[in-house]
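Chain IDs A, B, C and D follow the sequence of writing; residue 1 opens each chain.
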């Protein structure tokens, strides 16, 4: 419903000698989509840092179904699945012309820049994210 | 018991503007350790390709506990947890001076270079890997 | 005059622990721009490979004047400076709001996929590129 | 004479769909060698930062002669060619079994962490580097 998606091109830098995208690079695609999604809804890395918290990846699961190749145009989506005061769980899917390539679940945690410990994200950000949750 | 481990240095290329290792780059460290582990026990990417199969990452889970930083010396371990004719599940742990940083479970599948479908790995490789399983 | 330029976002993956873009990553930005420029004017990596040649980087010079940072929107330009049957020299500039960050000169060579040696690029590509040269 | 060299393995992460090492990644190999060379002779990134300066890449030239491939063992050397109070010019060569693959000249500048401007490096570092110059 409130799914966010964006297109990306696969360049040579993303591929490996198997002729396909290197497995770790799908995480870059996913983070680009999360970054733009978050920027759109009130979070910019450098700005949040001044407010005293940063969002970091706490855990993740990836399932590889098919491979993206050089010159491909892929779509990377973001759905907020669960939201607490200090964390967000996002579902992300990478497709090419509707074909599923990679799916992932990424847990993001809010960390205090002072202590490095879990902390509440700003209320403004939490309210924004809540309004984007799929219902 | 039959755990394999190797040391790696963290260089600037591995870090991000948070001052720590970029989350996707831990997958590179883990693959370097798997590559050297597999090379030691009878699998070299380019050689296997000529035999008709390659090993690819099918799925993975990562848990981030603490961060590696610039100039750190880290240890990356590999344990074979489960082995079938066409897949291997490996447990990998990244530590620094004994402190757990990141743990991961990586499922590797054997894929036929001709068809791109699941296939049996060579018997020689399977026998070698079996002898390295933790009991 | 016939300058080609495209905008790119700086993501966390591009930065290092100095808080700025990692020096080697500017080459990725430049290659993305070259790839899209070349795609627009008749060269796609995978298609050319079937025609028997690929374009590879033969030499390059980079000058770093100022740094791009996380969340920046940068512009990456491409100008063809010199063209022969088997090579292209391109001038590339990376700017942010008009400020020069990095300039580069990249020499691309056409290599035969069969022999790995210098070869003529396709006439169609050469004609296309010639029409895009700055005069 | 005082040449410094170290061996590195080429992993899948380093390669691209051309089956060879991605051109920008040779800069990573070169920086790993420079980092270890500098660490050995008195400069560690995080330590120097506290002293008020960092070393950054100011300009570079690369010449590609032949390609490194997956599983290759390569050697990366460092020679100090020129040294001033605020900069170092290093010659670096990447070889495989003695065959030249890539050569580079890298100019490193000392930058004040406070102002971001050129500054003198520490006397201790300069003295160390001077003793390592090829004569």
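Miscellaneous remarks
The definition used in the following text is that contacts are C-beta pairs under 8 Å (C-beta built on N, C-alpha and C of every residue); 3 or more make two chains touch, one makes a residue touch a chain.
If you're wondering where the values come from, they're calculated on a predicted model, not measured in any experiment.
Averaging C-alpha coordinates per chain and comparing to chain C, the farthest chain turns out to be B. Same-residue interface: chain C and chain D share over half of the residue numbers found at their contact. Note on chain placement: the centre of chain C and the centre of chain D lie 23 Å apart, centres being C-alpha means. Chain geometry summary: the mean Cα position of chain A and that of chain D are 33 Å apart.
If you average the Cα atoms of chain A and of chain C, the two centres end up 28 Å apart. Each of the following residues of chain B touches two or more other chains: 12-13, 17-18, 24, 28, 31, 45, 69-70. Put simply, chain B touches chain C in their complex at residues 12-13, 15-20, 22, 24, 69-70. Chain A meets chain C in the complex at residues 9, 11-13, 28, 31-32, 35-36, 39, 44-46, 69-71.
Those residues of chain A whose C-beta lies close enough to touch chain B in the complex are 17-18, 23-25, 27-28, 31, 45, 54, 56-64.
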